[in-house]
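I've put the structures underneath this note.
You will see two complexes here that share chain A, one where it goes with chain B and one where it goes with chain C.
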Partner chain A sequence: MLYRVIDAEERDALVSAFMQEYEVVAPVKRGRGYVFDVIESPDEIAYDYSTTTASLKKYLLPPRETLMTFNAVDNCITEHAECIPPRVIFGAHACDINAINRLDQVFRDGRYPDPYYTARREATLVVGMSCMPTDDCFCHLWDADEARFGYDLFLHDIGGRYLVSISSVEAANILEAACNPRVATDEDRSDFRQATRTRQLSFNQNIPDIQDVAMLMDAFHKDEFWDELGGRCLSCSACAAVCPTCFCFDLQDRLSPDGTQGERYRVWDACTSPQFAEVAGGHNFRPDGRERVRHRMYHKLNGFLANYDRMLCVGCGRCVSACKADINPIRVLEFFEEKGSEHDA
Partner chain B sequence: MMLREPARVVEVNPLGNMTTPLTGEELMANNPYRPWPARITSITDLTPTEKLFEFRLIDERIREAFRHEPGQFVELSLFGVGEAPISISSSPSKRGFIELCVRRAGRFTEALHAMQCGDIVGIRGPFGRGFPFERMKHHDILLVAGGLGIAPLRSLINNIHDERSEFGKVTIIYGSRSPSEVMFRDQFEMWRHRKDFDLYLTVDHPDDTWDGEVGLVTKPFEHLELDARHTYGAVCGPPVMYRFVIDEMRKKGIEYDHIYCSFERHMKCGMGKCGHCQIGHQYVCIDGPVFNYWEAKNIQGSM
Partner chain C sequence: MSETYPQGRRLNGKGVRDRNRPVRVVIASFASCFGCQLQITNMEQHLMDVLGQFELCYWQLTSSDPMPESFDVAVVEGAVTTEEAEKQLRELRERAKALIAIGACATTAGIPGMAAKGFYEHPGSVYEHVPQACGAMISPRPLSAIVDVDFEVRCCPVDPYDFTIMLQRALYGSNKLATTRMLCSDCKRNETSCFFGEGQLCMGLVTSAGCGARCVNLGRPCQGCAGISPHANLASARKSCERYGVSVSDFDEKLEMFNQTNQAMHEAE
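== the complex of A and B ==
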């Protein structure tokens, strides 16, 4: 990876340069938390934000998106074009970039590339920014504390300056024009090593590191633990809404009041919602919370891994604060930790 | 500082680029969410609640490109009502037409049942993995259908019938609740008469006219003789049926990976994305809907 160093003061110039040509989305302070939103000035950016309440996925998979419009009288699809502004996501943390990489695998790289997602993704530049873990962060457990690809630039804070990993020509040109990127010195390199080491040592040590969690999800699939954990699920699906890698959706039609025109759209859906696995005639394959919560955790900590060789969960910790019933992957890891220590007692 | 108007705007258009001539495959891949118009060419009442619909894709390029294997499904669109995954009931050898057997079970199927010949619907697909037709050749076949499970199996049965000499002994067990719910009975009786297949029709609740077997779909297994090592099993029916039928097949000695089952889930996108059809780590829409029993055993929550 090509890298250069810029001074911290050059940061705003870089943002301004992007704003000349793109809509810029960045973390901003909103109430007690942070959100990703379109900015109108670099001053709005909360560079030292912890984790945003909701993830970036809304910019690639909008909560509600029209796929096509149709004439319901003669049952034909009508001309419809979705305009997507070229956009820069500025200041994404490594976990969120890794989350986008997972969405790319499902929506862009598979056997059926999704034209809507792909168009948004191709119109989006990602500028990453290094961070320090909060108490709820466990991205390091799933190897998601570092973004190896999926960004155009990545700004590593090395104290008063940034070591910038440069991935795309488009972003390199803007960096070159807006800042004075210089070749890294030995001091820059050792400060970079120091910074990554400090981050790696700062994770909450109380979150159990269970590397064989996928196999354990199979082994303990019928354990009473799931009754207890899923039994308290409120089916609010806040977990899925804030999760950067929950991508399930529903397809629905809507008609105009006179019934002649309509649209087919997709909306976010969640496997924790009670009707999610229902089929025609009313049979529900996951009728209670126990099965739904277990299924969601299974997909995050085993299912995706089986298909794509990486955890779907990126350990961002958003569901930890979003869930009012205290259901999250950390509780699952703690359960396995408990199981492992039973013999010691 | 004001945000400048974006320099470039990217467009997604579901109608795609229609200016350059594209093949049917390219047109379908352009936007796999786009249903293609199809005309209803025939409607047959099968039971009081089930009808067999025959469709013909209107665009010739799409019609040419549409090729399915037995066990696959399509997403059927009624604009304004929605979309539903429905397994294909016709043999792949019946080119140019697609048959779907549909039970009136909800809002969508209610609307479909109200349609008439000549009406236009939307179809996209086919999707999923069907039965391993080529591998099943030169083997004996045991097909077990319960109720509407006959719909996807009919595609396989018809396809086997098209190439009957490629298969050994073919046994069909088809269970229904009552005689009025037995579908395709004439066709079955004809095949039985011609000794093309060994046929067991069973019903749970017989009436005075019924001269077939009475009891659950597992009952004919009592006097079934088969060469288990050279037999492929295929099962489709209501969720409760699978375990019992597969148990019987296993007892007869059919190998785990020679028993194929078609699973019903609500595949909304058909392309391994929307999540509705997930079982464990598998997506029924792309990994299935047909799984062999060994695969099914390895999916958490499949049965």
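== the complex of A and C ==
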């Protein structure tokens, strides 16, 4: 990895340089929260945003995406290839980059890469930015508070300047042209160490740090805790909509108003949706919120780990505020904490 | 209460299309404001494309020709509020291969349904002599309380394109499921701020998705016109109201607007 230092004032110049050649997406203020959106000027960027309502996945896996079109009269199909603009995601936090890495594993790096996802991913540069945790953040528990790969540049705030991790030539050239990157000094390195420590010490200490979460998920599979937690599920799937790693989708067709042409598209789906596990004949394998919530937590904190060696949760905390029924992984960690203290007592 | 919405299961996913002759469609109306029928005409740009796929045999809004003896698809707006309407609906059902309920009144009893609570006592409290102008009144109810409904187009008023899609499903066949998930995930996709964070009541917590949260996109809380989903968790939603400083009695009162005749309203209170 190559590291360089730029001054904080050079940040806008870097964004402007990207804007010359790319569509730039960055966090902006909207309503009471923040969203990632296409910007027209660096002034729009909320560099110190806490987190965004929904995640970045919409740029790689859109909520609704056309896969092919068909002629319902001749019964023939046409492949659909969307024109994807070269894009820079500017200001992604470490958890979100780690989330993209997980989506990459599922859609890009497997035996059968998803062409729609891969086309978007390949057209996208990621510029990360360091952050400070909110009360709902627990990325450090899943080792997702630093991004080791999956970005082109990562800007670490070290007070009035950024230590920039550089991992692609494409982005390095733009950094070189737009700013005056210099070699890091001892002071820069020392300040980076200090900034990292400050972040680590700033996480909400009330969120329990539990070891062996995946095994505990198995051990307490039948505990009545799941009835209580899932029993209050509203079945809205807001959790999955804001989650940066929920990637399930449904395939649907629709006809043009005159019934001659059609389109096959995919839309976000979620295991928390009532009909997700309904099969032909009408049987539903997970008919109730209890089974659905447990299933979702299992995939996040157990199942994905078994296949990909990492949690599917990155601890971004979005579901904590999205869920109006107070269902989120922190509640699961608290349950395990409680089980531990019962034993101690 | 059924766990799902009607989705053409009676038709086994097959359409009523007959390759030898055009499909005959009738549009009928019970207690309603006619707004959903008007919505169909609002689809000006595509109206002829839609109408080109079948023979429209009866539509009071456009022609005073009487209803034909036989037809394939009955599109029905409005709630059933009289014995005459109930009889007509049963006749429509007998003659139609597919029956499509459109709008909140037909699918949930909607606004007419608000009168269902204490229905037989109400008129006497208003009139000394109850007039017989409307026929033999019965407690308002949605179409599905009387006959099997094959497809439903929800909301007040309907989206004309949703209507077109449902009509095409009846014509050409489809096994697509109508979602019973609640609305909130649509707001997350749209990245609009949640009203609950402002202590404001929004019915999205218990209302079926499908409209794309269009009221919220216009800055208004959901009024619940799609009706509560068969999977709505009213008990948990009331707790959510408490947690976010929203009045539970306001929530319960608002539920009455589009769900007065829904059995779930009267359970577990």
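To be clear about the criterion, the second predicted complex is superposed on the first by the 343 of 345 C-alpha atoms of A that agree within 3 Å, B and C clash if a C-alpha of one lies under 4 Å from a C-alpha of the other, contacts with A are read in each partner's own complex, and residues count from 1 in each chain.
By definition in this document, contacts are C-beta pairs under 8 Å (C-beta built on N, C-alpha and C of every residue); 3 or more make two chains touch, one makes a residue touch a chain.
On a predicted model such as this, the values are computed, not experimentally measured, just so you know.
Q: Could you let me know whether more residues of chain A are touched by chain B or by chain C?
A: Ranking chain B and chain C by residues of chain A touched puts B first.
Q: So, A:Pro274: does it touch chain B (first), chain C (second), both, or neither?
A: It touches chain C, and chain B stays clear.
Q: Between chain B (first) and chain C (second), which does A:Gly160 come into contact with in this model arrangement: first, second, both, or neither?
A: neither
Q: Quick one: classify A:Gln252 as touching chain B (first), chain C (second), both or neither.
A: After superposition on chain A, A:Gln252 lies in contact with both partners, chain B and chain C.
Q: Report for A:Ser237: first if it touches chain B alone, second if chain C alone, otherwise both or neither.
A: So A:Ser237 only meets chain C here.
Q: Could you look at A:Ala322 and tell me whether it touches chain B, chain C, both or neither (first, second, both, neither)?
A: second
Q: Where on chain A do the contacts with chain B and the contacts with chain C coincide?
A: 72, 252-253, 255, 259, 278
Q: Once bound in the complex, which stretches of chain A touch chain B?
A: 16, 19-24, 38, 40-41, 67-68, 70-72, 74-77, 79-86, 106-107, 110-112, 114-116, 119-120, 122-123, 218, 221, 247-253, 255, 259, 262, 264, 266, 269, 271, 276-281, 283, 285-286, 291, 295, 298-299, 302-307
Q: Would you pull the chain C residues touching chain A in the complex into a rising list?
A: The touching residues are 3-4, 9, 43, 46, 49-50, 52-53, 161, 164-165, 168, 171-172, 176-177, 179-189, 191-194, 196-198, 204-206, 209, 229-233, 235-237, 239-240, 243-244.
Q: Give every residue of chain A touching chain C within the complex, in rising order.
A: It is residues 30-33, 35, 52-54, 58, 63, 72, 231-238, 240-242, 252-259, 268, 270, 272-275, 278, 282, 284, 287, 289, 321-322, 324-326 of chain A that touch chain C.
Q: Please give the residue numbers of chain B that touch chain A in the complex, ascending.
A: Interface residues on chain B, with respect to chain A: 1-4, 6-15, 30-35, 37, 77-84, 103, 105-106, 108-109, 119-122, 239, 264-266, 268-269, 271-276, 278-282, 286, 300-301.
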